[in-house]
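Given below, in the form of structure tokens, are the structures.
The following pair of complexes shares a single chain, chain A, combined with chain B in the former and chain C in the latter.
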Partner chain A sequence: MLAHIIQNLPQVLIDGLTLGVVYAVVAIGYTMVYGILELINFAHGDVFMTGAFMGAIVLFLLMGMGFLAALPAILVFIIVIVIAAIATGLLGVGIERVAYRPLRKKNAPKLIALITSIGISFVLEDLVRFIAELKTGNYIVTAPPMFNHKFTLNLHSALPFFNNATFQSSFLLVLIVTIIMLIALDLFVNKTKWGMAMRAVAQDRDTASLMTINVNRVISVTFFIGSALGGATGVLFMIQYGTIDPYIGFVLGIKAFTAAVLGGIGNIRGAMFGGVMLGLLEMFAASNLSIITHGAMGAEYKDVFAFIILILVLIFKPEGLFGKAVVEKV
Partner chain B sequence: MKLKRVVPLLAIIALLVGVLAACSPKSGGSNGKTVIEIGSQSPLSGGSATLGDAIRLGAKLAIEDRQKEFEKKGFQIKLKDLDDQGDPKKGVANAQILASDKDVLAVVGHLNSGVAIPSSEVYNKNNLAMVSPATTATVVTDRKLPTVNRICARDDFQGPAGANFAVKTLKAKKIFVIQDKTAYGSGLAEQFRDQAKKLGAEIVGYEGITVGEKDFNGVLSQAVAKKPDLIYFGGVYAEGGLIIKQARQKGFDGPIMGGDGLDSSSTVQIAGDSVKGVYLTSVAGDVSKTEKGQAFAKKYKKEFGKNVESYSAYGYDAAGVILEGLMKAIDGNDDKKPTREQVTKAIRSVQNYDGVTTKVSLDDKGDNKYAKVYIYNFAEAKYPPVQKAEISQ
Partner chain C sequence: MAEVSNHFLEVKKIDSFYSQIQALEGVDLYIDKGEIVTLIGSNGAGKSTTLKSISGQVRPKNGSIIFDGQEISKFQAHKTALLGIAQVPEGRRIFPRLTVRENLQIGAFSVKDKHVIAERMERVFNYFPRLKERLNQKGGTMSGGEQQMLAIGRALMMKPKLLMLDEPSMGLAPIIVEQIFDIIKEMNEEGMTILLVEQNAYQALQIADRGYVIQTGQIVLDGNGDELMKNEQVRAAYLA
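And then the complex of A and B:
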């Protein structure tokens, strides 16, 4: 039994890491907004989805103009991800302007903003579905294959108790790009003036505004960064899995939110860690659960397994793994 | 004083006139003909919209083709197409709408067994006959409802036929089974598994996935580690296409097999080149094999600007069976508009109806005696796949 699990471990790690970093970046979007506004922005999962579709639109436009054949794939990818990230970032700022700022001005209870965010998530889902269906007649959109060179990690000859693991070059792309995004964000929040302003607003909005910080602008910037990261991850998701539909944001959003809670909501490094951990747990459960339980529970219970771990963590550490341990929020 | 009473009176009169005006054109019918409606329910939006729309368009074409015959008798047939979204709740709500419309005498539908089962309870209560082009779950007709019919094969025929092919023709000894936990997917996968076991194959794993997810690497790395000769998937193309793709990425080169849920051009679109070497059993035959079918495909393309999907011809034939029954019921009712009971009986008694893709003779349960299972293979990344075998009951 143990031998089986160990044999499969490298593959599980690779697959879990891919899923985990995606969760991690989306979780950051939840955690940043929560850190600043104490608002759970449920629309964020659908912002991620919209980013994936925007990436698809740019990609198909470039393809129509013949860029895909002319330019190296990596250049096309950079164009796509940058445009999609900026567009979704602006979408995020727009959502905040239209939906959340009027509520904040009127000092509406937090619950109202929460319900509003759920409403926005429905609007986004159906809007994207409508447009995609209008354009293609079918809202499941399949991206052209990119970065699908296959690698085999020949572990078996070096370490005989492991099986070989395979991955695609898109896995490397997802991993590298998300790590760049995470490090850049961490530097931004901790080293720049805007980052400092964000941390100040997170600590105390009223006092921050007394210190000549333009709170509304900081909130806009936060939404821009969170949504742009989400949108960029949407593009990565499209390239890794090849197929997107308007409902990918729902399940993924809930899991990313869970990851944010697991890491301690409001804490950026916690969200990164929580996302990777949730991805690994889920993948481990999917491939090993039936071996561990001798077939009594199959892979379909992977979410149950992952969420039981979450509940256990929260029982012993209700503030999440990284909550409070670091004083600064954001 | 008086004005106060007159205003509400006028309002009520206006309302009554409005109601009467709304009613009148329907009962009168356009150009003096009695309107008979045929309902259609299939998913027109959602993950299986490709298949659902094919059924609707097939039924539409069937009605257009036979409109003249009915016009001669003073009837006009209209299609009332509703979107069940592949959702049982929506299907039942739509069924209520169809049942309450007295002009609706029969229904073409559904695509999904899970939707057809609860909806048909509503039809049966209202004596509304249903002819399904595509629901394969055994329980659909096993309830022996007089109103429920289908022209395609059953899962307890499709699953085992797939298993026979996998074990006997493809010589698979170790099989890994994945299902999507829906009534359709798990039903089919169980039928397949039981028959494969009976034939001596070893089932090295039986796992479930969640509909709507995109990452199945966990289940697949478990599957690939067991080195099966064949992977079987019970479910629909949205997940099936991704499973095929991700299994190939993991280096699995053996055959992957599925049921009629994979029988769609979207499977190829999602899986891309990985689709090579995929086998599927389908209850839908390849229309391009016969002259009649080719003519149908050409007409369909001309009418709607789309290529035929697997279920287009079945939508056509299901509506054809209904129209056949309807004609008989009209004849038996002195050329007057028949009741729903008469139509239900007339449809069930349809024998040796020669459709575009299948012959239809309904038995006492409502199953088609001539229903066949076909086995297809994707030799290249192109839809439709190549028909490998044809198995009759």
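And then the complex of A and C:
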């Protein structure tokens, strides 16, 4: 049994990492908004989904104009991801303006904002579905294949206890782009003036406003960045997995949220780590559950596995792996 | 209707509320340039609410607040701060997970020129040399006295025209309180206009030019520092 698990390990690592970095970037969107507003923005998973569809729209437009064949794939990709990221970033800012800010102004309880975010989530799903069906007659959209060159890692000949592993060129693209996003965000938050303002607002909103910081603007910037990163990740998801539908954001969003909790919600580096962890564990489960349980459980139980992790974390370390226990102020 | 005032800051008959509860009732006060004015009163009398009404954290329902010839009672807090009113909040409110350096930098958030920021930081170190030794420490790990120094330093980074301090002596050892008050006095002598809110009436009246006494949301007495210190009512209520 152990030999089997080890044989599959290289493939598990490749697939787990791909999924993990996607979770990581989406988890950041949850954790940033939570850090600043103490709001779990359940619409964020659907912002990710909308990003994937926006990417698909731009891709089809470019294809219709003949650019897809004429331009190098990487250039097309950059155009698509930048437009989709900006559009979803603005969508995030719009959601905050229309749905959350009015509640904040009225000092509504946090639960109201949470329920509102679930409402926004449904609105986005149905809106995207409506538009997709209107345009294509089907809400499941298959993107034109890109970066689908297959590579095989010939590990077996050198290290006989491993099987060979395969990946598409899109795997490298996902990995490189997400790592760039994660590093850029980390630098932004820790090294720039606006990043510092963001941390100050997260720690003490009232006092930040006394420091000439326009708190509402910082919140808008936070939503823009979180949503743009989520939307860009949606584009990566579309390229990596090929098929998208309006409901991909739901389960992925919940898992990214799990990753954020795993790392300690509110903690950006924790969310990155939690995302990669969760992706790896989930792929490990998908690949090995049936071996370990002698066929009683198959790969389809990988989601259960992810949520068991969430439950265990909440029971034994509710502040997350990198979070600090919050003392309720009296 | 344009409001006019001959004073640097004038608060005219403001009423402020926390949801339904009235915290201030027709509060009147003024400060002239270069003065140090104190507002004393017991817990819950409305001292902090008065400061918050001026700084824009609480919006008064009625009345007006005129600063440097401008009506500011409807300004948001960050706009008031941009005009040059700095508030050192009650309980210091240091950003606990920012370093001392970042806490100071954030005080100068509206300043773009790095040299200006460095200059102001040097000025803060003149008042509080200890902060210079702790630049890379997280704000939340410092002692209460150091945090108070940082909170005042952070406000000075704004180079304010009016500095409002909310109970700077709260929770500090007497010797530290002494130091802080010496520095407040020194800043005032160098030209800073100061509004000082205190429960520690004795110490506040000692350094103040004038004072106001607030009780259940109303100003009940005012006068210069010595007068108030000799006043029977004040002695009985706050100096006993």
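Heads up, the rule we're going with is that the second predicted complex is superposed on the first by the 321 of 330 C-alpha atoms of A that agree within 3 Å, B and C clash if a C-alpha of one lies under 4 Å from a C-alpha of the other, contacts with A are read in each partner's own complex, and residues count from 1 in each chain.
The definition used in the following text is that contacts are C-beta pairs under 8 Å (C-beta built on N, C-alpha and C of every residue); 3 or more make two chains touch, one makes a residue touch a chain.
What you see is a predicted model, and the numbers here were worked out from it, not measured in a lab.
If you put the two complexes together on chain A, you find that chain B and chain C both fit without a clash. Looking at the shared chain after the overlay, A:K302 reaches chain B, while chain C stays out of its contact range.
Touch counts on chain A: comparing chain C and chain B, the chain ahead is B. Touch criterion not met for A:D126: it reaches neither chain B nor chain C. In the superposed model, the vertex angle chain B-chain A-chain C (Cα centres) comes to 140 degrees (nearest 10).
Within the superposed three-chain model, A:I248 lies in touch with chain B and out of touch with chain C [touch as defined at top]. Distance between chain B and chain C in the overlay is 39 Å (nearest C-alpha pair, rounded to whole angstrom). Chain A has no residue lying at the interface with chain B in one structure and with chain C in the other. Residues 193, 196-197, 199-200, 203-204, 206-215 of chain A touch chain C in their complex.
Within the complex formed with chain B, the residues of chain A that make contact are 4, 7-8, 11-12, 15-16, 18-19, 129, 133, 138-140, 142, 145, 148, 150, 152, 163, 166-168, 237, 241-243, 245, 247-248, 250-251, 282-288, 290-291, 295, 298-300, 302-303. Partner chain A is touched in their complex by these residues of chain C: 55-57, 76-78, 81-82, 86-87, 89, 93, 95-98, 102, 105-107, 109-110, 154, 158.
On chain B, the positions that touch chain A within their shared complex are 45, 47, 49-50, 181, 205-210, 212-219, 221-222, 225, 238, 241-242, 245, 249-251, 266, 269-270, 272-273.
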